[in-house]
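Two complexes follow with subunit A in common, the first pairing it with subunit B and the second with subunit C.
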Partner chain A sequence: MSFRMKNASSGMGVADHSRDTFVELQRKKLHRYVIYKIDENKKEVVVEKTGAPGETYDDLTASLPEDDCRYAVYDLDFVTEENCQKSKIFFIAWSPSTSRIRAKMLYATSKSRFRHELDGVHYEIQATDPSEMDLDILRERAN
Partner chain B sequence: MGELSETYACAPATERGRGILISGDAATSTIAYCCGRSVVLRRLDAPLEAEAYGEHAHAATAARFSPNGEWVASADVSGAVRVWGRRGDRALKAEFRVLSGRIDDLQWSPDGLRIVASGDGKGKSFVRAFMWDSGTNVGEFDGHSRRVLSCAFKPTRPFRIVTCGEDFLVNFYEGPPFKFKQSHREHSNFVNCIRFSPDGTKFISVSSDKKGLIYDGKTGAKIGELLTEDGHKGSIYAVSWSPDSKQVLTVSADKTAKVWDITEDGNGKVNRTLIPPGSGGVDDMIVGGLWLNDYLVVVSLGGTFNVYSASVPDKEPVTFSGHIKTVGALACVPLNGQKTILSTSYDGVIIRWIQGIGYAGRLVRKDNTQIKCFTAVEEELITSGFDNKVWRIPLNGDQCGDGEAVDVGSQPKDLSVAVQKPEIVLVATDSGVVMLRGNKVASPINVGYTVSALAIAPDGSEAIVGGQDGKLHIYSVNSDSLTEEAVLEKHRGAITVIHYSPDASMFASADTNREAVVWDRVTREVKLKNMLYHTARINCIAWCPDGRLIATGSLDTSVIVYEIDKPASTRITIKGAHLGGVYGLSFVDENSVVSAGEDACIRVWRLTQQ
Partner chain C sequence: MSDSKTGVKALDSDKTKPKRKLYVGTQALDYRRDHMEVISPLKDGVVVDWDIVDNIWNYAFRQRLLIDPKEHPILLAEPSTNSPLQREKAAELLFENYKVPALFLAKNAVLTSFASGRATSLVVDSGGGSTVVAAVHDGYVLQKAVATSPIGGEFLTDCMMKSLESKGIVLKPRYSFKKKEISPGEYQIVDLDFPNTTESYKLYSTRAIAGDIKESVCRVPDTPFEEAAYANVPMTPYELPDGQTIEIGADRFKVPDVLFNPSLSQTIPGMESIADSTSLRGLPQMVIESINKCDVDIRRELFSSILLAGGTSSMQQLKERLEKDLMEEAPQAARVKVLASGNSTERRFSVWIGGSILASLGSFQQMWFSKAEYEEHGVSYIQRKCP
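After this line comes the complex of A and B, so read on.
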């Protein structure tokens, strides 16, 4: 059952399901990535797609639309310099320059409210074209 | 990955009426010279291995190796001196603001602890000597009132410094701490170069008054001169001693270099005269010279090196050269059966390079016009400059024939030739597109938008014109007009370059908004997109001969190679290919790409799959 919470900047609520899916990614490692979309009819952030743990970063990039904005959360596994296996969660605000201005504004104003719900994100990336969310950039940020 | 396989280095930057002072390291037979903002270190026994140091913020003027060969001190026009390690990652040891104007010469002391630099001090000090690591001054250098063109450090103890300059004076300082001792006013024109002999007993000054004077190294008194019999007939720009201190090499504006024997009484007699081969023009004036081990290196105003052997006087010199100005265009054509790389710069110089050998001569044209756009097919060069003409120049083997010019009405912005039917050339101008058949204008075509780039298919049946607004217009080519077939909109900036793939099944376009796109020619659908990895405008594109790879070069100094069948994210990036931006690109074979840029160098890169 979803309930609305007040958002002073854009009035977007956050669906409960969105938060639960994030917790599943974080605690139970049920998903590799989650893609969120703002549903304008219901005025809230909902889950559009989730990726199985076996999927890769390329699958996430392929699932993002070319000319519409989304939010995405990705769980990156990597090995540090001291040879420890680590895993960090990235929040990606995907806002391509080819998308409509109304969409960009909507996603930008709702972002902080949404981020507030996702407790436990390590790094945030803002990408306006595919070269800005290249896997190398994520690897560089993670340590 | 892309690895550097060959560098065709630039030539030293020269200026008419002034000499250049090049230097070298005897232990490794390496010479150092400057061009633009780069300092080039080049091995005389392996001229294809040249390294360029590009960390100066202003045009570099002089570079000197330290006596132990580990450090290089280089100076630039802003008066800064950088001391950096020669090997490894060229770590900067120190940077000093030495003078308030351009530095013309600098020298290390023989123990490697002090550096003296001289130049244009703009009214304040013209010469400064300082400790190499801390920058503290080691003397007061007054006595000059004009730009000091050269300075030298006595290579043996007791230490002395000598300087000479535009005020016709030769000054002698004793120290350390260095103080003025005496001055000579024997020259009647600019004194261009002053050098101590390696054993420290004498020093020699040469001047634009065609004279060379020899002085005692310890006292500074004049002891003799270069005898005028068979002497130079033009300004002498540089002098260099032989390692045994018995001979000197002088170079002059009379287009010759002379080797003199210095006798015990301090006079010099001409031993032999070296006349480098040349076309006889102003570019043959010799402005720089260096005697390094067995090599006699002379540099002409046009940037050509001639390296003679000191021990075998009659041997033909080894000649090599390079560009001095930004290289604007590259083309790979077979000439005389051999695959040759042609590079051009805006001053009209066209140079031939052969992979593995390097410099293969200049292409001399009868009408030496400036070149802005350039393209070449097997038997012809098509160039345009800054006027309204397009030149078609036939190639006979490796010589240029008589070119013919066609007036196209306004300055051409881009040129494209149909490779299989070379008589058709399309020219883009500010007002539209002009089609040339042979040497005549077939028709000017008004397209209704501002054209920024164009390409014609190899078989001449189709043309693509890119506009300032980022739209690609596809036309079919009739005998004297173009019929619009389609308009493609994807780019978000003015189109800079369009290229068909060698088999014409695809074409690629790039824009000022750093994006490149590969399209399928028949369906006009996007084949490879998201080629957005550059950070500044894309200047050039090249296709691999089998159409599998495509390379883009950009103002952001990097070259990126994409594979057509794989997503754009699996790319090979070559960073820092050319200081200032990459302006020309071409594939020589399936695995090597050659690039040219603003630093006047051309580099060949070998691509290996990961």
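After this line comes the complex of A and C, so read on.
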């Protein structure tokens, strides 16, 4: 048990598959996005869904539940002002205000531990309603 | 929960050595007794009398929750600026006196932040005794960025009380009169005299009335309060417990505006000496001050995640006015978003709600500071287990 956790963490574990899927997105570009869910019975963060490289950001937002929390990782491809092709990985903590407080607490307290397992995330977004994770916001952050 | 509960003691003034009998809880407080003082273990949000805290906890466990603390791990919510010494004192009390099996200390602002689904936010907790603005980043309170102010609900209640009194309105505490039915449906007020009632009790009872007036009629104005602008505002009626109906006008807006402009309190007769309000900052200033003490990188996120919590945050139009004032003061590019749970109970008890859920999570069970660890490593080990 790590004592270096500087917060009221929930002690949630991370499944190996969750980490591996992230690496597949990061290094092999196998997925456009990954949606993670907390499995309370197994007490770990697991993969709920992955999106094919051809899918879009809208596909990700459509796959997120309206009233339950999730974590998501999205690989954003964009072109800079100097005409360079770039790619940045976003970690999104999705915690809609309409979800139950219990879910919010669970995901909020488990986030730090999980996030640190994903080595290579460039930016983090916390969103409690769709407007907070609008694609424009991601693009703004990346530039 | 370590919050501003008021213990009560009766001083038997006939004996040379005062023997303290303590009464705890609102039920006990609502019953007037001779020589009974109303006291709080807190001063400026910090515990100064651990004996009273002990009595309050004992009452809570044994009389209200009807549990034996030996059988229940305790999650204690602590002020965001709690000192290491205070934490150890609390831990010692719980392990030694109550023999709790396990303990965890969590900061108020962190619990509120998590309860809203955020690991990073700026928590504005405006309660009864004080207002605390704390920046939470990834579930950790940034100590250097915490701003506190003694202006809370009680201060506002006192402003309302003093303002009404200066206008000649008498707020008769409930114990000081009774209603006598002189004919069916018709009542007469009979004044009762209790010369042995303490000043602190009288004040407590009067404040209860002023507090209800405040909660019923006050609204934060859209723009800073000015006497001239509100001179002819329509009056709102309010019926006092003794049947008297009073009218409240400009005070409806002036009192809440003290949160934004503390020096306003100086214009209320009787409030001049209460606090050195020149050094006090209003809510928007406290928010900006707190955010500016944080790393540049996270300021944007803090501006867009400002959470309102505490009883006083339920004041009408507080959220809207704070958002407006901040949009004017914040740097150009920043998005300002003030969030508050729609439910006033959730706002008031967000800390408790967050704590109760955290403590019940299966995955949290390995985080507790256990009795065995306390006995082996000593009380200072709590700083490691509950950073």
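Following the convention adopted for this analysis, the second predicted complex is superposed on the first by the 135 of 143 C-alpha atoms of A that agree within 3 Å, B and C clash if a C-alpha of one lies under 4 Å from a C-alpha of the other, contacts with A are read in each partner's own complex, and residues count from 1 in each chain.
The rule is simple: contacts are C-beta pairs under 8 Å (C-beta built on N, C-alpha and C of every residue); 3 or more make two chains touch, one makes a residue touch a chain.
Given the structure is predicted, the values throughout are model-derived calculations rather than measurements.
**Student:** Given the alignment on subunit A, is it a clash or a fit between subunit B and subunit C?
**Tutor:** fit
**Student:** Please indicate which partner A:67 is in contact with in the superposed arrangement: first for subunit B, second for subunit C, both, or neither.
**Tutor:** Neither partner.
**Student:** More residues of subunit A are touched by which partner: subunit B or subunit C?
**Tutor:** For subunit A, the partner with the higher number of touched residues is C.
**Student:** Calculate the angle at subunit A, using C-alpha centres, between the directions toward subunit B and subunit C; round to the nearest 10 degrees.
**Tutor:** 60
**Student:** Check the residue A:58 against both partner chains and state whether it touches subunit B (first), subunit C (second), both, or neither.
**Tutor:** Only subunit B; A:58 stays clear of subunit C.
**Student:** By the touch definition at the top of the document, which applies to A:97: first (subunit B), second (subunit C), both, or neither?
**Tutor:** both
**Student:** Between subunit B and subunit C, whom does A:13 touch in the aligned arrangement: first, second, both, or neither?
**Tutor:** second
**Student:** Look at A:135 in the shared chain and tell me whether it touches subunit B only, subunit C only, both, or neither; answer first, second, both or neither.
**Tutor:** first
**Student:** Using the touch definition from the top, say if A:108 reaches subunit B (first), subunit C (second), both or neither.
**Tutor:** Touch partner of A:108: subunit C, not subunit B.
**Student:** Please state the minimum Cα-Cα separation between subunit B and subunit C in the superposed model, rounded to the nearest whole Å.
**Tutor:** Here the least C-alpha separation of subunit B and subunit C stands at 7 Å.
**Student:** Shared contact residues on subunit A for subunit B and subunit C?
**Tutor:** On subunit A, the residues that contact subunit B in one structure and subunit C in the other are 97.
**Student:** If we count contacts the way the header does, which residues on subunit C are in touch with subunit A in the complex?
**Tutor:** Subunit C residues touching subunit A: 104, 106-107, 110-111, 113-120, 138-140, 301, 304-305, 339, 346, 353-354, 357-358, 361-367, 384-387.
**Student:** Within their complex, state which residues of subunit B touch subunit A.
**Tutor:** 492, 530, 532-533, 567-569
**Student:** Residues of subunit A touching subunit B in their complex?
**Tutor:** Touching subunit B: residues 58, 61, 97-98, 129-131, 134-135 of subunit A.
**Student:** Tell me, which parts of subunit A touch subunit C in their complex?
**Tutor:** Subunit A reaches subunit C through residues 1, 3, 5-13, 40, 43, 69, 93, 95-97, 99, 101-112, 126, 128, 132.
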